[in-house]
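Look at the two complexes coming up: chain A is in both, with chain B in one and chain C in the other.
Here is the complex of A and B:
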């Protein structure tokens, strides 16, 4: 009990903090002020768990999010998302029949009816798939729509009866978390607990069965049993979610939080934890939003919240997000561009016998066959990265490499020439066929590979075209020269072959 | 008399009303490296899947050291085809190899320190230890195959069944794998490998099972790798026959 109280106080503190922050940010806006206070107040009321009615709603949506995230992760990695969709639609007639049999909105009767209908639907899908040449996607589509149609018809009929029209079975279509009763939340909590328990205890069987079912069988594990256990839990989760999120959008709560988590991590256990968290947060938030407006269905709002999370993951996930990928791509492109500039500067210096430190931009332009403007922008980029300095004279511009720039230039040239030599010597390419390949690989070769190449080629000094290959030790010597005495570095010349 | 590692009798598999394997009767002696060869659709993969009950047998039986497969599953290690799994699945190389230990952990068991140690050793054996913490999608074809082999090694079995372990792998991986197979064989393990390349089949294996829905021949490589039997296995497929001719020469 004491722990309970402490937890409540802590929880309220966190919620208060959030509200305070939210309010502070809105305070500047005079028009929104009134609204923000009432939203904040409601938010506090909703998440403080003090009002027993709201507590029921909040707990229910948390259980829903947990179940959906947990089992959704498995169906996402097993590519069974459509099965989840079919299952969620197929349960609807079961809800109606459960109601008819019980004569009232009894959660247990509805639970049983819906589970049976859902399982019947999935059995029917396999039956159609296995006995005809209709493929799985079509049979899923048919069963999904067919069961859903029957469900809608039955529910509409029940709505017309005197008992039925007060029962609010139409809420099963799009969900109304505010209508959750204690008994329903009790069933939800049991399902959430059982699902969590099964996943934790039988994690290894579920993991190997999901990744490689044939291998799981080869290990002698009861693969089929665990598959059906997972499907049964999935059906349970769908059924308990009906009242809060509705049959139409349950599958979204299965798929979206799990897919968001999949973008963030590539380990199953982390994906499960993240998916549960996302499911719980978006579930609770959707329920809160729907509580704010008396006629707002919960399902669409939960899905909206979940989709927002997904959008953020889609753009900003460190590994798989498109913005991060774009940034990585740009960084790589920039690096290749600067390395090519450095290489050209090296080659100009080489053609001048390494006399004089600076390279005229006009010479560089001739070498790269680029206009003065293009060359200037290349050199500006090098200056930005501290790889070169630019000296402007009256009628010309000269570029000087910094010590780091010089080392990088040597490294790229070395990589290029080593690779050309490797291709001609070891892979027996013609010397005039190796340039393009080396152009690409010069930016990728790591230090280890370079050492290996040098060893393989018996520490060569000249490339297939007779040009000198700057070696690793040369590079280091240059660096110490250049950093201690700028003048001497300029006079540094390549070792004679 | 020591028990026979692998014995099948009248093993028959029917897929969608089309027969895939007919009355397979084989007795595989201990400590042999056996290649299963035959044309496409000959039921090579089906045979090893049927041995492990991954594909249900329509009739016949399989015995692993005198017991049905289910009783002796722990004594059989399996390397499935590389394409059979989704390589984007969220597990690391280490997680994947640990799956090889799952059969020995019991219903509620978890990976212990010892299991991790064995998994690391097996990864090291195939040269993939530096990749232990990588996600599996970042592996090349040859690396994927090595990881699959490490997983089978982690099973510490007496019999290994491998489905096309040399498909789409680089030459270095192929020779590394064959070296490991020879080591296993020398330790008295029995290995069955589905193979499709005739010229190497002659060099790699102690025994060959020539399969074309039925057993065409099963015996020491030197006895069964001849023109008549290979022609019988492959039928009149000219391109393969010229390959056979090259291989025999």
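Here is the complex of A and C:
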């Protein structure tokens, strides 16, 4: 049920994101062209896979999204997000050298060169970290910038040669999915398949290594091997994404879909699935948008699609979203507020020796040290929750607790006093130091804890200040007693101490 | 391997005369500006970098250097001019927005800081790139400039019309001003910066607010990054920011010495970077970045106290002492 709701929200979010992005690209300076071909028609044409050229692009971006989501999840939970960033810049000289050696834009040569460069980069990061006092963030930054600088120099040199001139190596910086060839998509598909296979086969090992490195070492797992395996796969997926997303923004495709998934679930396998889905959806969508506008590089559009998904998750994720967290916070604050009001009503009645049923609002106000207006609004809240009734007389108002309200009031007071007693008896606090602590904990103690406390304290009847503690049996008796005898609603009588 | 050969054949013969002498004797003017621009950029970033690196904010620098792009582009689009002020304001607000957003995402959700950083700057950068590619013609800014910088064209920039700096290209004058301002601020607020970077608790007790210093440093960083942006591009700023500082810190522990060294490294980097670019006919910013990483490589291996060689030697000496 909960999951359904989540999906619904997700779906709505994605649609919203699409509308936002679609709108942005429609406003581009190509509105004239847009008019002649319908947007929906193009959408269908792109996603129906009929046109072989478009099919290549679509399949490529799906593979890319899958890989990035899959490996991105691991680096996000391992807090290695910025390693992804460094790696994606570090592959650049490898791309250039692969190109130089092959003499043409050969995907396999570029793939090998880039992977080697990427791995060299990660090795260098740990080498710098291990042999100098320089911290990890700086060593990441150095590898990122140093390799990138070499890459830029090599690429500008290549562009001066006769082949390099028209090879479009600069497309590797921001990506152009439309330039994907069948051979490249083949490499992408193989990498996607291999990554998927590795993750499925070594799922448990990778999982343990990601969340508890010490435990995984204790189990005798080759932690270092799995770390480098992950880095290798990461380098692979960065490399295959280069053509479509570009070196500068690959890290975004690694981090953003995975972080969005991270906001939605606590289970790793669900996170992996969601991240792959997000990666594929945003990848395909980015490619589609870039196909709509010939001048638009694919990378930034994919990233924007992914960020829109992230923004939606950030606000509306059922468990971790800002809005749902805020709602939960408000609900809890309301509960604490009404429990405090209930407690105050109990205390007023107690001070009157439980004579009469109603409590005057003015008495309640004195007890709570609040203004009449505030007291009224609190009581109104209680009435809304069916915990109390309000009777208005000519010159005063009286509040009556319903049976449920009375039981809740007793429970809160009971929690409070039991905790005070516990602190004085077991933790040897002074009796005048325990109130504030109890004031907080009374709202949180669960039924089990309360019973445990009661057992520990040997079923006490009085708190450290000499006041009676409403006991569990009293509470239960109240309910049965009230209903069977048909007495007044709040027929709870205190044990004659 | 034919590609390899062609590539190697394309590397021009190294000719000392042509690479090092002729530029200065024949086109002295334009080269002095390129050199000065490179020097100012690297020195400014290097001085700031010494603190940034110590405070473990190297990657925040990276993030800011990417995310000023949309600020700059939007400022262009709104004012339709390349004036300095709107560009500064746009970039500064983008820089501040970056730090605020990172903090917001990090504190309001379970996303960790590193991931939050990665999300924010890539998104802002992507927005910038999309804006550039849609409105590229209008803003006179292309993606190449974003990636590699255009330090080569610095001498063709409009020149300062009057005043003591008349005749100096505008960009160089601006960058020089920023460099001087950064240097002065560093000298004036040296104590505060130092104590906040090494012991925030003590700073608090001395009445220096670490938060104020942090934000001040962020603003300075944004200013430095935006003025360096056109010269070296978004990505290579980060090498100017980190490398001089880490190289210097391989050689010394004292902050004043480190900062002096970064300035020296800046001069060397700018000089050799420019000539490397001349020789190979490649992007100057890229060549400077290669040169500056080369200095780090040297320091890493040969640093008298911390270098790899020194470590190996020390191990040998220890071993020898143990055996006897």
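Note that in this section the second predicted complex is superposed on the first by the 432 of 497 C-alpha atoms of A that agree within 3 Å, B and C clash if a C-alpha of one lies under 4 Å from a C-alpha of the other, contacts with A are read in each partner's own complex, and residues count from 1 in each chain.
The definition used in the following text is that a residue touches a chain if its C-beta (ideal position, glycine included) is under 8 Å from a C-beta of that chain, and two chains touch if they have at least 3 such contacts.
Because the structure is predicted, anything quoted here is derived from the model rather than measured.
Colleague: Considering only touches as defined above, state whether A:66 meets chain B (first), chain C (second), both or neither.
Modeller: neither
Colleague: Could you let me know whether more residues of chain A are touched by chain B or by chain C?
Modeller: Counting residues of chain A touched by each partner, the higher count goes to C.
Colleague: A:262 in the overlay: touching chain B, chain C, both, or neither? Say first, second, both or neither.
Modeller: Both partners.
Colleague: Mind working out whether A:221 is in touch with chain B, chain C, both or neither, as first, second, both or neither?
Modeller: A:221 sits against chain B, while chain C stays out of touch.
Colleague: With both complexes superposed on chain A, which partner does A:79 reach: first (chain B), second (chain C), both or neither?
Modeller: both
Colleague: Pick one for A:132: touches chain B only (first), chain C only (second), both, or neither.
Modeller: second
Colleague: Once the structures are superposed on A, label A:271 by its partner contacts, choosing first (chain B), second (chain C), both or neither.
Modeller: first
Colleague: Give one of first, second, both or neither to describe whether A:208 is in contact with chain B, with chain C, with both, or with none.
Modeller: first
Colleague: Which positions of chain A sit in both the chain B and the chain C interface?
Modeller: 79, 262
Colleague: So in the complex, which bits of chain C are touching chain A?
Modeller: Going by the criterion above, the answer is residues 1-4, 6-7, 10-11, 53, 56-59, 61-62, 105, 108-112, 114-115, 117-119, 122-123, 125-127, 129-130, 133-136, 143-144, 147-148, 235-236, 238-239, 241-243, 245-246, 249-250, 280-283, 285-290, 292-293, 296, 300, 306, 308, 311.
Colleague: Across the complex, what residues on chain A touch chain C?
Modeller: 24, 28-29, 76, 79-82, 84-85, 89, 99-104, 128, 131-135, 137-142, 144-146, 148-150, 152-153, 156-158, 160-163, 170, 173-174, 248-249, 251-252, 254-256, 258-259, 262-263, 293, 295-297, 299-301, 303-304, 307, 310, 314, 320-322, 325
Colleague: Tell me, which parts of chain B touch chain A in their complex?
Modeller: 49, 52-54, 69-70, 73-74, 76, 78, 80, 84-86, 89-92, 95-96, 99, 102-103, 105, 108-111, 135, 137, 151, 155, 161
Colleague: What part of chain A is in contact with chain B in the complex they form?
Modeller: These residues of chain A touch chain B: 77, 79, 201, 204-205, 207-208, 210-212, 214-221, 262, 265-268, 270-271.
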